[in-house]
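What follows is a pair of complexes built around chain A, which joins chain B in one and chain C in the other.
Up next is the complex of A and B:
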């Protein structure tokens, strides 16, 4: 399997009036094509900083990130994002359809192609016929589905998600987790997710990158050897699930 | 909303009560026999004036001053506000100067404008522009800066550049701020257009106020005040109506 993303010796420092804050120190790992990788760690460890580097929103002070062997210097073309705060990441002045269409217009797709992709991606997330609705007319879970549909419509090879299910209720959360797994299966998208929910990380991932320390280093990369397809009922009762979550939890809390 | 059908009758009731108090105060009350005309004589004068073409000319001149001034101010202030809002340095450095001009009452520059323009429509237009352009530019700049960084970063992730961020995110995000600026500006434009006539001698209702007052035509003076009130009310209603239509997403 080919390497989709490689993070090579990435360090990140912020200059503040009080001095230099060293957030990430020599972080390295590789993400295989089509894998689902979660990044976990204690709050404030620098997960979001790492995500900003992965999306090209910021550049590391040392080291580099490569997408398919090419060093990134801005947001890669075939990358899509789903952020925690759907109310802030969708445009309230545009309908669902137009929200999804915006990145497609930017890719200079024809009107017919845009239309086709919007219909297809809304169907994929179970929001058929929601084209003319406005985001604020939808529930939180549905708005996050719109974000996912927008991401899928660009046919990305890499999907980056920042706490994507942190702002929805528990039931919706399970539904969206399974939706994301289905999407990954349907399109083979390499998926990176930052989360503080260790159960969720174990449930969804092929691998979990555990960050720890100040500045943060990669504490461990845990392979989740639970076979796909996974199910909310069975996987979460699996003996191996319990072992892995305990192991990851221990590392995140610095107990191991 | 259950209160909605009541709104117009409720407004009418208070208007009738106000007219009654006015009538009583000027007939039997403390203002009886003073230079304040009665409500009935004012309304009668207003009725007469509605059939005189001079009245409509004056109304149109006042509206023209307010409207042209307002449009010029919008055309200047919104692009300038956007540019200022896009740069932190420009925002901080111009804010001081703009705030300074914002608080200067336009009335104090009337003597200068009379020297430059004379008591003309142009003078009124200039005063209106001066009165609102700075506040509107600052308001626009604030709005542009208020665009959610999460939204801007989302757009950047999808490869959308600065121009698209402005067009699709910063401008719509700024529009509620601009709308507030416009609501305030429209009222200010009307007031200044009248003051330009009243103090500066520019044509229109303000100038008519000055003339009728010096001629002792008190009923006419008050009738003009009524016209101004109705005009102001109509304009602000129109702006609110348009705002609700155009910036629908903030309503809920």
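Up next is the complex of A and C:
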């Protein structure tokens, strides 16, 4: 299996007026093609920093990140992003359709192809017919679906998500988790998710990268050996699920 | 139906006072023999004679042309400069004192200066209007750009938008509620400067017509000029409001939903 993303000895320091803050220290791991990988860690550990590096929004002070063997220096073509705060990441002045169309404008697509992609992406996330609505006319969960549709419409091979379900209610959260699993199945997309929710990480992932310490290092990479397809009812009651979440939780809290 | 009702009610609430005032002016001035305060009925007769449509081509057309050409040049410059300065707080700090100084000069007072540079033709008037219209828009654009949400910019970057798209599809729309308030002030100032610029050394334009009428004791004509200016100013504002509300319908809808 090919490597989609490789993080090699990445360190990150921020210069502040009070001195240098060392956020990440020699972080390395590899994400295999088609895998679902979650990054967890205590709050403030540097998960968001790592995500900014992965999406090319910031460059590491040492080490490098490669996407399909190519070192990234800006946001890579092959990657799409879903951010936590959908209210600030969707453009409120554009309809749902135009929000999804905006990143497509730079791909060489005919008008009909673009239209087709928008319709298909909305259908994939279960929002058929919402094209002409404004994002703010939709519920939080639906807005996050629009974010996911926008990411899918660019047909990325890698999807990166930053706490994508942190701002929606619990019920919607379960629906969106299953939606993400379905998307992964339908497109074989490599998915990388930053989350502080350990249950969610175990439920969705093939692998969980646990960050810990100040500066943060990779504490462990946990393989989630629960077979797919998973379901909210059964998987979460699985003996193995309980073991894994206890194990990951212990590491995140620094108890193990 | 309720929407219709509330619109009618709002219209009635807005219209009753103007009707009362006009009626009061009409009756109060009806028997006036004071040459400086002619009866409104006489002003109305003269108004129809002057402005429907005899003097429109030589006075209204030049005024509106100077106003619109100057205004659009001014706001285009204001948005462009404001965007450049607002996008970079460091650069804007160098320019702010100069901008603050220039915009503090009452725009009408700058007209004589422009006469020195451009003489007394339409070019001077358009430049004066453009410069006056530029500042409110410039300042509001700078302010709007400074308030850009970093998440929005990150979103643009990760979806690899071009700098042009970042500017016109993300930053300008995001700042547009604030920019529009500057555009409105610009329009009001542009109107004032258009008329004021005609008071000096022009034979054409509504401002020129009104001044010349007063200077030659054509008091009735002067009154029709004043009434016309009032009506024009009001109409411009109404049209502006409609365009603004259409352009910001996303913003208004969002606000309405949140309250």
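Basically, the second predicted complex is superposed on the first by the 255 of 256 C-alpha atoms of A that agree within 3 Å, B and C clash if a C-alpha of one lies under 4 Å from a C-alpha of the other, contacts with A are read in each partner's own complex, and residues count from 1 in each chain.
Keep in mind that, in the parts below, a residue touches a chain if its C-beta (ideal position, glycine included) is under 8 Å from a C-beta of that chain, and two chains touch if they have at least 3 such contacts.
No experiment lies behind these values; they were computed from the predicted model shown.
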Fit-or-clash call for chain B and chain C when the two complexes are aligned on chain A: clash
Partner chain in contact with A:102 - chain B first, chain C second, else both or neither: both
Partner chain(s) touched by A:89 [first = chain B, second = chain C, both, neither]: both
Which superposed partner A:223 touches (first chain B, second chain C, both, neither): neither
Touched partner set for A:253, first chain B, second chain C, both or neither: neither
Set of chain A residues, in rising order, touched by both chain B and chain C: 55-57, 75, 77, 79-81, 83, 85, 88-89, 91-94, 102-103, 106, 134, 136-137, 154
Of chain C, residues touching chain A in the complex: 149, 151-152, 154-155, 157-162, 165, 169-170, 173-174, 176, 250-251, 253-254, 257
Footprint of chain A on chain B - complex, ascending: 148, 150-151, 153-160, 164, 168-169, 172, 175, 247-250, 252
Chain A to chain B touching residues, read off their complex: 55-57, 75, 77, 79-81, 83, 85, 88-89, 91-94, 102-103, 106-107, 134, 136-137, 154, 160
Residue ranges of chain A touching chain C (in the complex, touch as defined): 55-57, 74-75, 77, 79-81, 83, 85, 88-89, 91-94, 102-103, 105-106, 134, 136-137, 150, 154
